[in-house]
Amino acid sequence: MTKNRLEAFSDGVLAIVITIMVLELRRPEGHSWADLLQLWPVLLSYLISFVFVGIYWTNHHHLMHTVQRVSGGVLWANLHLLFWLSLLPFVTDWAGESHFAPVPMMVYAADALLCALAYSLLVRTIIRTDHNNHLLQDAIGSDLKGNLSLVGYVVALLTPLLGQVGVMVSGGCLILVALMWLIPDRRIERAIEGTGRP
Amino acid sequence: MTKNRLEAFSDGVLAIVITIMVLELRRPEGHSWADLLQLWPVLLSYLISFVFVGIYWTNHHHLMHTVQRVSGGVLWANLHLLFWLSLLPFVTDWAGESHFAPVPMMVYAADALLCALAYSLLVRTIIRTDHNNHLLQDAIGSDLKGNLSLVGYVVALLTPLLGQVGVMVSGGCLILVALMWLIPDRRIERAIEGTGRP
Amino acid sequence: MTKNRLEAFSDGVLAIVITIMVLELRRPEGHSWADLLQLWPVLLSYLISFVFVGIYWTNHHHLMHTVQRVSGGVLWANLHLLFWLSLLPFVTDWAGESHFAPVPMMVYAADALLCALAYSLLVRTIIRTDHNNHLLQDAIGSDLKGNLSLVGYVVALLTPLLGQVGVMVSGGCLILVALMWLIPDRRIERAIEGTGRP
Amino acid sequence: MTKNRLEAFSDGVLAIVITIMVLELRRPEGHSWADLLQLWPVLLSYLISFVFVGIYWTNHHHLMHTVQRVSGGVLWANLHLLFWLSLLPFVTDWAGESHFAPVPMMVYAADALLCALAYSLLVRTIIRTDHNNHLLQDAIGSDLKGNLSLVGYVVALLTPLLGQVGVMVSGGCLILVALMWLIPDRRIERAIEGTGRP
């Protein structure tokens, strides 16, 4: 089976997820700067989620680049990842609108954690299917960044239990993990270039 | 006529259908776990419909894989399928919001049944157009899973007439059919691999 | 310039137009059949508009099939067509929600007319750019169906001035034109097959 | 890395941005022409934003045409551009609904300015990555139109400070810049044709 439609469908879903979040940005109630500034939690959560989806898209792009063939199992591991990503507009909206109350923050972090676990599962499913994908196996290696992300998300998930200070720690963790990934996956990029593939 | 744009358009519509359902997930009213848990019928119906669309996408993927040429008739049989799938966000929202009242459940099951019939019609239209598609003809064969699904959907359509117990039977049928299809169509997958095509 | 991205972008916009109309289908207020049936004008206008977009998509598919190269002018003629098509969810919603009041019907017919004129303009822009596209020139020929559509839309635009009976004539015209186009453009299909192209 | 998925994802996001703005067009409250005409500011802002996205799409199309390879940096420069474009439905809705009040106009112009700056950054990132892209380097040259746009957007951003007359100057600037770009980037188009590439 070829990977073209898997890529096209994932691009479609991610493009929609990243864009429809803007539909949850209700217009300010009045026409002044103060009215706009009141929306800061919603705008901030939109920005973070946009970067978050962008990270998944670029990493998915790099990941699929190494893949030669997909199976039914890979299709479903990919849909599983898209499911948790598709909930992002929902958790983003709730977290922003609640001005980052503890429970919505925990739900946001839980969704981020589930996305990360689903991505790991997708990588492992691909490696299992595509036995000859040494490129990906070598590139992933010990997966330091992946493991650090999981730790970050678990911390972000638990700290809101400590109240408002914990929420700020939680938000800080989510932002730190995003910053760490903003540098796209050089491991794979380097490995690909080492082999001289396009 | 080539099949590329039919695939691209179908991927687009399915990606949108699967994603916009999340727009119908209104944020919880308060900021507590209890507020989130109150949404369980809406979240459950979202999950089931996501899997439902995922099943159609993977099966459509496998189906189109066998196709060499499409005619105007195939384009319209495909649009007909997309029409019933496009109603899914509407019936999902109604069923979830009604906490699975009998009539919305019947409407949901009716839409599922119409999708299944439209898919059968698409398969038959392709076989008629693409006379040499022995791959598909052999793979479909007696179509046990397809027929079981139709039975399941008819049961799911009728049992809500029996009241709240019937609704639970109906929901159980819908979930069982979905689980049955979660295993992608090995018949076609196997047939393709037998011929050594990609 | 190649035509791939023009096709991809048009597929994207049409897939979204055809799908987001379902977001305007508000769920019924209660949970009974009567509540669902009250929505008949909205459901009917959704169905007609779905078919309408489907017709443009299949004809666009056939049209682009004949095209070898596109210019900046073709890109903009195509965007112009997409603009009028993108207003369809708006006019559909208004017409349906008003239970087909005269003014919304006239606005719907006006949008249909503008789509048809934009499609003609696109065809003519392509013929001007792509001088060697004899395939398209021969296939279009005297364009009987195109001219009949324009007449139909003008009638549909004017008859609502006569009140409720006129509205029904108007709706009948729109449905008749749609039925006429449901048969995809055999002229081009035949011409393509005559040349043995895929 | 190939550019296909970057194009596909950008097409997806732009198609959604251009189309979901129509969701913000609330239906008129009554069923008369007067009710429709009351929406003129919303319809006008929709039209301008549609043209605005159309301009970015055609220019992006021309730009990517010259590109041979993309890096992680190009992916993120592109996502950065898409971020500012994705805010367009939000600022369009606010500007239209406020009947072009000063602050919403400034926010609209600021978003337009940030899109233009992000586009420049994308062009420069591509030139830095793709050292041999002499085609693009020659075509861009002194970039008169790009610089005029920036001036236009800065004027549009500041003039609303002068009250209602300033708002009209601001709107005029936005429309003038759009008209200037409606002629697609002949510099690149000509350079491509000069090299005989498709």
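Should a chain be cited, it is by its letter among A, B, C and D, assigned in written order, with residues numbered from 1 in that chain.
To be clear about the criterion, contacts are C-beta pairs under 8 Å (C-beta built on N, C-alpha and C of every residue); 3 or more make two chains touch, one makes a residue touch a chain.
Just so you know, these numbers come straight off a predicted model, no measurement behind them.
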- Quick one: how far do you have to rotate chain A to sit on chain B, C-alpha fit, nearest 5 degrees? 90
- Same or different contact residues where chain C meets its copy chain B, judged by the half mark: different
- Chain centre separation (chain C, chain D; CA means) in Å: 27
- Task: Let me have the rounded angstrom distance from the C-alpha centre of chain A over to the C-alpha centre of chain C, please.
- Result: 38
- By residue number and range, which residues of chain A touch two or more other chains? 8, 12, 15-16, 20, 23
- Under the touch definition given earlier, write down the residues of chain D that touch chain A in their complex. 1-2, 5-6, 8-9, 12-13, 15-17, 20, 23, 69, 71-72, 75-76, 79, 82-83, 86-87, 89-90, 93-94, 97-98, 101-104, 107
- The residues of chain B that touch chain A in their complex are 7-8, 11-12, 14-16, 18-20, 22-23, 25, 27-28, 31-33, 35-36, 47, 50, 54, 57-58, 61-62, 64-65, 182-186, 189, 192, 198
